[in-house]
């Protein structure tokens, strides 16, 4: 592809290593879990999709140019379709169709964005994208990429896509999708967007969209019926925060580096935590009652991390997000800053809901071999954000580890618990709206069906004309014309007329 | 030398007729030798063109009138696609038609179509292009009606109505053009500098000629003949209705915009924009219709309508990248779509599977065939690094470059829709069904190997898009003079 | 009015009568006779208008034309009579008006 | 005077001698005798063309008399071209006829006269193309008419006789009108020689009325709409080789004379409105003839109406020839090219139709399904002939149409172009109506392909020659311009 620049360029910078490690570990853990838990029938078919998806997913982290990035991204997205539809049920087929439609849409937007950005940058190298100067082309491209990311992470109004896929795919695959696949969206933001070079309107729109996604996902997720469904809404909610972080850094160059850092931390923290929860939600219900208590306790770790309880990775992530918002000035950032702790409340409520639903779930017993993948992810959740080179030192420097900060970070979780306890004591029963994972998206097939039916309306056939009339008339005219008296008279008239004409 | 790509198939066709119905072996030999010779001739011409020597030759046809050919890069790209795929299709057709009647007629007209398509590719001026274009229209008819069923005859009538209607428009446009501008030749960047003041007439000339070409290019609303023409045998659908005939239409548009009016004049006259708009609408509408087709060939036919509009749109955008993308897509779409039509033909002939609903188990029964189809389908949807991606990348880049951002969105959403109408075929083939794995060959090897070959081509063209010989690079080199020596 | 002009006018009249008969009369024999009328008319015109030499010496060219014309007309008449006879013997009819059986379509 | 100077006379005497010999020799030698004669004539026609190309136009004084009293033969480019066309078509028709008339009932009505009549017809045609005298044209036209009518009636049935009789009466009506015109013209000018008439144009109503009468009569004989009435039945009822010659050559004979009158005899403005009227009638012929062809249910009638339509193009060329007050050379070339192209193709078409009729035992279109498989050569011949009818490349018809369209746009009379383009579409409609039946598979299996008889290749050969004639148009152009009255002006090369 010499037309626009180079292809198949690979990079290994700190971002690649961070995301690469996350992706590799999560795909590996999900793969191991799937290998030990899936029935042998159909296992090779599963891995026929899983391996390309993991390859593509992991390779995106190292892609250095638009084309390899797009290729890896597509490979992961398209191959993941096989994971969503693996069970072969009607529901999974329907989920697969919805997934594929949204993937196609996302890919289209991403391709358009990549084309626009490479044209604007005059190069296909991703490093040129992030340094783009402000221009309408850059804005257009960035908007397209943001659209693609929005589709990928299920931003409003597509919140249902993550829960839908997680609930349908086998647990290992769901873990990989939740822990790695959605984080590719975060990578996309970091790698492609010209932070600091976009109009304020774009930045604010993304922030609003991110925040809205976060809250709406929580609201819907509270009524989800399956554990993995709840986790899916939680993912959507968390990815809303990622968008919020991205949005805050898009326009103001002061917040650019902070925003990138926040996205990285959020992605890392959420990737491991969500993957751990996913695998745990598959292992724990199959345990004996005693072990089950232990398992649930272990699961509390990633859940607390998500809530942002002090000293967890989630805490670091939330802190990074606050830093970004503080670096900005204006009505919106301040409002968002004020609302931010409430996202923690929402996440805590979702986690409580998760444990509640999980308690009622039963699955087949899992062999001991199902533990390692899960445990590795748990460890990663506990440590990743802190083990990151320089992370602890930076945190200390920024006062994250001071007592006031820690206390501030505690109250959303406590509030959520108190809220639930209060409701219990007051014997207020929350409404029992059972939201199937996928919510509004489940209506899509109906809409498509209706459109299809509308298009298929029998086209009003024109009434068959009496086709014999005109030819018969013409033939009769000719028959009269060629009859001798008429024709010979015609000749005489012709001669006379011509004589008159030429004489004049 | 320049006449060889036209003469060899023409003579092969004549010889095929003279050999008659029964001398099968000799007929096949003649055709295969001719295809090889024509391929060699075309490739060597292309080699010469890359060296920068665009040879030309002409034959007088009357006062102020000549049939002239020239071997430039644009034309030779098309000629090479047609000629090389002719050889592949011959092998396939020999297998496919092995039990059919009227084979002499079939192969004879088939060869003549190739001759005419090569003529269209190499024509030096609008009149010569018209001459070959009409011959192509004519020689396609017997292939459309090959089976002789009432359905085929009706399709043939429809085809003729469109083809000759378009031909009449083209004739009127060409005559008008020659009347105002004299005997012009295709010149990269435009040949009408001297006649630029006739804006009224030139607009009409463009409209008439474009209408003529758009019939074959199946631009909506002139596309009606193409889905009906799918009653023809699979090799015809494959090579003619996915490559030679329809591409002759889009190639005509390429010549019209790039080499006759020139991108500048086409834009300043305001004639390119309506064409682009029509193409954009076609991409959307045809793709949506394709989603709804149960008959495999019809689904592919509407896909072709949409994909041809990609090329038309790229050309009408009048930017170097888009023009290059259009030319590259002309070649890329050829290999991708021919794979699919071969596959569908093979399914029909081997398993009598012709609609989506009966495809269950086909992937198990014909794994290599369906794998090839999948590659082509994904390539068509623009999945990297396959061929369709390379051309779509250029097209989309060109759309952005021209400032027509909507066109960029059209291209990418077209890609999404492509996935939408291709994936159901893949899904249907892996669904459980009545077909059991084959014992030895999954189908007649003469049909299998061509499918694999063209599927590989759509991989190779994409992966090595930056190799100097690739269609993409070729297209870039070909449009360079159109935009004053532009280089990427 | 010179006598030449009289010849010519009479010739014209004969030609018109012949034309009328050829058109209107359905029977072949009538038509054949009508054509002979026309021929005679033309010959009269030739004779009448042909004498243009001021010296009064007759111009030989119209005479030659008339003679040739007569020969040609005789041949035509013979052929048409032969056809009429044959037609009559096949169909028993002598009129070729087509309003009943002429089939074109 | 060398031997080649006698070529015009030889071209007339050879077929006449052949005709005379058929009365003398045995019946079974007839085919061979006629073939030899045809080959000789073709050789002579070629020699004449070569001679004209090499040394230009020349006059031949019959009997050494010379104009004004004697009759001159004129051999220029156009006449040489038409003689050559007659020779080629005649040779093919003769070869075809030896098989056509060589089978079946030896004692059928008029069978013994076929060869003599045919050679008489050829004699008359050659004389017509070579004569330079308006009265001699009359004689030749009548000779053509007599032999043609006689040949039409050879079918022997009542239908053929009635068609022949209609043809004969139409022919006589035309002949008398023509002769009346000659009388008036002579009385006004005192000349009969075309060149002399053209070089010393005479004003006046007598001359112009005379010319109008002559042109009208020729229009009748060329079967232009609205006086085409005699042609379809006559051409359809005749035996196929005869139909071929009638459609390909005989109508071209009277058109040739019109061409002569327009180019050589009349002067611009002498007959105001005549050119345009002829053009308009030509346009009407194109449309009406094609529409009628489309509606016919029998092959030969379809082909006959196609002739009516194709003749229209020849007349549309006339206003274009005179569009600029002088003579537009390309329009003349176009007309000549079309005449030749149509002559070849139509002969092929009729011969093919004849063989189809023979194979199927009828000529009903609807019952010929599967002909493309059972009689591929004949079906192909029809289709290839159709290429010329439609004016598609690379036929001579295409070049002719292209040149005419271009001229009409150039002189600002684009409506002729519109008619011609529409006519092309209509021709496609009727051609493919036929072809579609040929390629359709009928209800029953008509069996395998017949082995084509040798003469069945002839129509294909003729049609192919027409379909590839575009490549010979430069030569035709050169030939046509030799001796043509082109002194005045041209708008195009």
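For clarity, chains are labelled A, B, C and D in written order, and residue numbers in each chain start from 1.
Simple rule for what comes next: a residue touches a chain if its C-beta (ideal position, glycine included) is under 8 Å from a C-beta of that chain, and two chains touch if they have at least 3 such contacts.
As the structure is a prediction and not an experimental result, all values here were calculated from the model.
Ranked by separation of Cα centres from chain C, the top chain is A. Looking at A-D alongside C-D, one finds more C-beta pairs in contact between the chains of C-D. Between chain B and chain C the centroid-to-centroid distance comes to 66 Å (mean Cα coordinates, whole Å). Per-chain Cα centroids separate chain A from chain D by 78 Å.
With centres taken as mean Cα positions, chain D sits 26 Å from chain C.
Between the Cα centres of chain A and chain C there is a gap of 99 Å. Within chain D, contacts with two or more other chains are made by residues 166, 169, 173, 232-233, 295.
Shared interface positions of chain C, i.e. residues touching 2 or more other chains, are given as 19, 22, 96, 98, 102, 104-105.
Within chain A, the positions touching two or more other chains are listed as 475, 478, 482-484, 488. Contacts between chains, counted with the stated touch criterion, involve the pairs A-B, A-C, A-D, B-D, C-D.
Looking at the complex, you find that chain C touches chain A at residues 19, 22-24, 26, 96-99, 102, 104-105. By the touch rule above, chain C contacts chain D in their complex via residues 15, 18-19, 22, 28, 31, 35, 38-39, 41-42, 45-46, 49-50, 52, 59-62, 65, 68-69, 72, 75-76, 79-80, 83-84, 86-87, 90-91, 96, 98, 102, 104-105. Touching chain B in their complex are the following residues of chain A: 1-4, 7, 67, 70-71, 74, 78, 100-101, 104-105, 107-109, 111-112, 115-116, 118-120, 137, 140, 452, 455-456. Every residue of chain A that touches chain C in the complex is listed here, in rising order: 475, 478-479, 482-485, 488-489, 492. By the touch rule above, chain D contacts chain A in their complex via residues 166, 169-170, 173, 177, 205, 208-209, 211-213, 215-216, 219-220, 226-230, 232-233, 271-274, 277, 288, 291-292, 295.
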